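In what follows, a structure is listed as structure tokens, so that the remarks can point back to it.
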Amino acid sequence: MSNKVFAHASDAIHDISDGAVLMLGGFGLCGIPEHAIAALVKKGVRQLTCISNNAGVDDFGIGLLLQQRQVKKMISSYVGENAEFERQLLSGELEVELIPQGTLATRCMMAGYGIPAFFTPAGYGTEVAADKESRPFKLFGQEKDYLMEYAFEADFALVKAWKGDTQGNLIFKAAARNFNPLMAMAGRITIAEVEHLVEPGQLDPNEIHTPGIYVHRIFKGDHFEKRIEQRTVQAKSTV
Amino acid sequence: MSNKVFAHASDAIHDISDGAVLMLGGFGLCGIPEHAIAALVKKGVRQLTCISNNAGVDDFGIGLLLQQRQVKKMISSYVGENAEFERQLLSGELEVELIPQGTLATRCMMAGYGIPAFFTPAGYGTEVAADKESRPFKLFGQEKDYLMEYAFEADFALVKAWKGDTQGNLIFKAAARNFNPLMAMAGRITIAEVEHLVEPGQLDPNEIHTPGIYVHRIFKGDHFEKRIEQRTVQAKSTV
Amino acid sequence: MLDKNQIAKRIAQELRDGMYVNLGIGIPTLVANYIPEGVQVVLQSENGLLGMGPFPMEGEEDADVINAGKQTITTIPGSAFFDSAMSFGMIRAGKIDLTVLGAMEVADNGDIANWKIPGKMVKGMGGAMDLVASAQNIIVAMQHTNRAGESKLLSQCTLPITGLRCVRKVVTELGVFDITTRGFELREIAPGVTVEDVIAKTAGRLVVDGDIKTIVL
Amino acid sequence: MLDKNQIAKRIAQELRDGMYVNLGIGIPTLVANYIPEGVQVVLQSENGLLGMGPFPMEGEEDADVINAGKQTITTIPGSAFFDSAMSFGMIRAGKIDLTVLGAMEVADNGDIANWKIPGKMVKGMGGAMDLVASAQNIIVAMQHTNRAGESKLLSQCTLPITGLRCVRKVVTELGVFDITTRGFELREIAPGVTVEDVIAKTAGRLVVDGDIKTIVL
């Protein structure tokens, strides 16, 4: 079988070059491809377009790429929590395109499903609708106006999974699933980093979230930091 | 918590009445809602529109509804393997609409995703395209022509799952998944029959295929016949 | 006048057993603290979870289990995880029975503005535009006026719109307002607040007639 | 002349290691029996399985594990199940490297007809229209002529079309044909068959030039 397994992040991303369009999975810092990001920082590729729901924080996630000024454009739904991002945006160094979160997620999925365009109500009547085709449809007995949106594709999709096998089958964990399986389907080349890399047959075929056909390269991350953005807990004494 | 659990198929389908539009999960006889079908036969509702990939065989699946002449219209991708079906079709008793399998599956999913219309290449240039809007799109570097197709919704979706909990969360098994999770999302009322009905917490939240929000009623089937349509085996002696 | 927690508590009275509910960030999040006894609702977090539980015990937080506010949370029996496309899929398909959101402005036709202030750094709409375009039943929880003392209940939004004609009810520190074809209909008034206060602080069309109760918490 | 199994065996030579392959019903299914040594391919069954294994041992068949032909099958290490929408999603997105289909007619521009004969009971297109509209690389496996002895390689399909300009290669009992802008280009000829036989039985534009090999199995 042709080999999808790479030893290190740096090998897996070896051909990502300046100007590439990337998708990066994750919601906030949850389920982000932290090893691929670190390898991109080390490689020093520039002028990247990053499609990702968020832009990380100053010192983690996509924030690391922003620090090194490797990002030309961010396409996201929400970009708070990042002072360097704000500075680059206000200075005009960084281009930003904001897209409603559901539209962003669905556009990725549609690429993976081979559907070039679809209709969603999100953003109708707002500035998001500028220059977009719209028309009314009736669904579940309700008529309203919808915008036509296009599938999103990327040169490379960088995703993070919990478990993966050497054929590229992936299982995500809990809320770290988020955009990962959607972007996994939308990359011309999809690179998955996993916490646990196993042999074919060790994942239950019934529990696979992303079939290996969508995944071109896979590697095991050495150690996942999995930083928590908002640590909210109940004090033990309150129980 | 409001109760989604019904004791018997007959209770769960009590309000399906003449002329209802139904979706029925399954591929061939694999993963069909056999208890709901039996209850519909017993109830004797008529003039049903059945959206289902196939139409069963003469004495099982939707074939049982056809035998009792309860079906007015079938919407399917393939309707072979059923002599009574053929007879009713040729005599004009039964109306049939044929839809490409991928389009059928995707139209159900789109209803569940609140997307009223989308573009697919299937059927472009064929008689399926008659009266349909078409236009070219480029995806993954390739331009071709696509048809606009609409989301499919149903009064009732009847699906069959392997395991389900009392909140309606469902897990399907193997190839019995097929259209079931898609139709589960497309019913105004979705009724799931399961082999194993468990309490909330007994299904791993990470392994659920259909979240309970899409499922309105659930019941445990007494005994699933799970008939095999094409029994193909290797003789033991050949090993 | 209600405080933030009282606004949340009043909104919690709208919850019905078996509802699927999406609570936005801010006051809406507090609604979860006041779910009435005997009522069980399923909370959706749009990053991919149905059945959101409370914050974890100290030391038990899991980076992979967060809510849409990026806070560590827990699951409960019956929880289900899914991807972001399915999450907004169920939102768009109208499966969420009640959505509670904050807002900067609400117009008397139900328009809402809650994502962008011109001249200020724009952080993005996140899932707000998807939610307001699709939710069947949206309640806005907010202060009646902005920091400058200007009404946030307007005849027309002045800030960039998030969604059109979608808000059904507004709960502020002053009262509970249904949005109908007539505008903001005052249904309940907060203890210690007069109808004159409400009139003075409401810029949009306000309807004050019929039976106006005092809010009981 | 090739028999059905030899047609399948010749098509199996097109398989490359790591390919994702969808095999239609009939001769295409037989291709799985001739996968060359050292080549591993992943078979997709469009009812929702990647990694289709052989038929089960007698007594081990499982009604929940079937292929698109409704036959009981098995999984193999690395198999994955998914729903029908994702199945056709990966087909539409061009993730299947090779699709092998039967046909009633193929035109010299790549049009294919394989789902309906007017006047006969129509059973439906199943997944055929989705496959032909999306597959990147379609090989048709079929007999060169129909039962009446008429060519199935035409200048234009006479039967209702399944898809336009999609077939890349045709393998019949007579030979291997690439479909290019010039029409059916004869690449390989079956043992015992003459170019004259091929010309006589091909109604569409046929190109016979360059290096024409004899099929080696």
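Letters A, B, C and D mark the chains in the order given here, with residues in each chain numbered from 1 onward.
The criterion applied here is as follows: a contact is a pair of C-beta atoms (placed from the backbone, for glycine too) under 8 Å apart; a residue touches a chain by one contact, two chains touch by 3 or more.
Just so it is clear, the model here is predicted, and its values are computed rather than measured.
Peer 1: Could you see whether A-C or B-C has the larger number of C-beta contact pairs?
Peer 2: A-C
Peer 1: Going by C-alpha centroids, which chain is farthest from chain A? Tell me that one.
Peer 2: Measuring from the centre of chain A, the most distant chain centre belongs to D.
Peer 1: For chain A and chain C, let me know how many angstrom lie between their CA-based centres, rounded off.
Peer 2: 28
Peer 1: Give, as an integer number of Å, the spacing between the C-alpha centres of chain D and chain A.
Peer 2: Each chain reduced to its C-alpha mean, chain A and chain D end up 36 Å apart.
Peer 1: Chain C to chain D: how many Å between their CA centres?
Peer 2: Taking the average C-alpha coordinate of chain C and of chain D, the gap between them is 56 Å.
Peer 1: Using the touch definition from the top, which residues of chain A touch two or more other chains?
Peer 2: 106, 111, 113-115, 120-121, 139-140, 172-174, 205-206
Peer 1: Quick check on chain C: which residues sit in contact with 2+ other chains?
Peer 2: 49, 75, 81-82, 85, 88-89, 91-94, 134
Peer 1: Per the touch rule above, enumerate the chain pairs that touch, sorted by label.
Peer 2: A-B, A-C, A-D, B-C, B-D
Peer 1: Which chain D residues qualify as touching chain A in the complex?
Peer 2: Counting only chain D, the residues touching chain A are 17-18, 20, 40, 42, 44, 49-51, 75-82, 85-86, 88-96, 134.
Peer 1: With touch defined as at the start, can you tell me which chain B residues reach chain C in the complex?
Peer 2: 1-2, 111-115, 165-167, 169, 185, 199-202, 205-206, 208, 211-214
Peer 1: Of all residues in chain A, which touch chain B in the complex?
Peer 2: Listed in rising order, the residues are 106, 110-111, 113-121, 137-140, 146, 150-151, 153, 171-174, 188, 205-207.
Peer 1: Considering only the defined contacts, which chain D positions touch chain B in the complex?
Peer 2: By the definition above, chain D touches chain B via 45-49, 54-73, 75, 81-85, 87-89, 91-94, 121-130, 133-134, 160-164.
Peer 1: Can you list the chain B residues touching chain D in their complex?
Peer 2: Result: residues 27-31, 53, 76-80, 86, 89-90, 98, 100-106, 108-109, 120-128, 139-140, 142, 144, 162, 172-182, 209, 226-236, 239 of chain B touch chain D.
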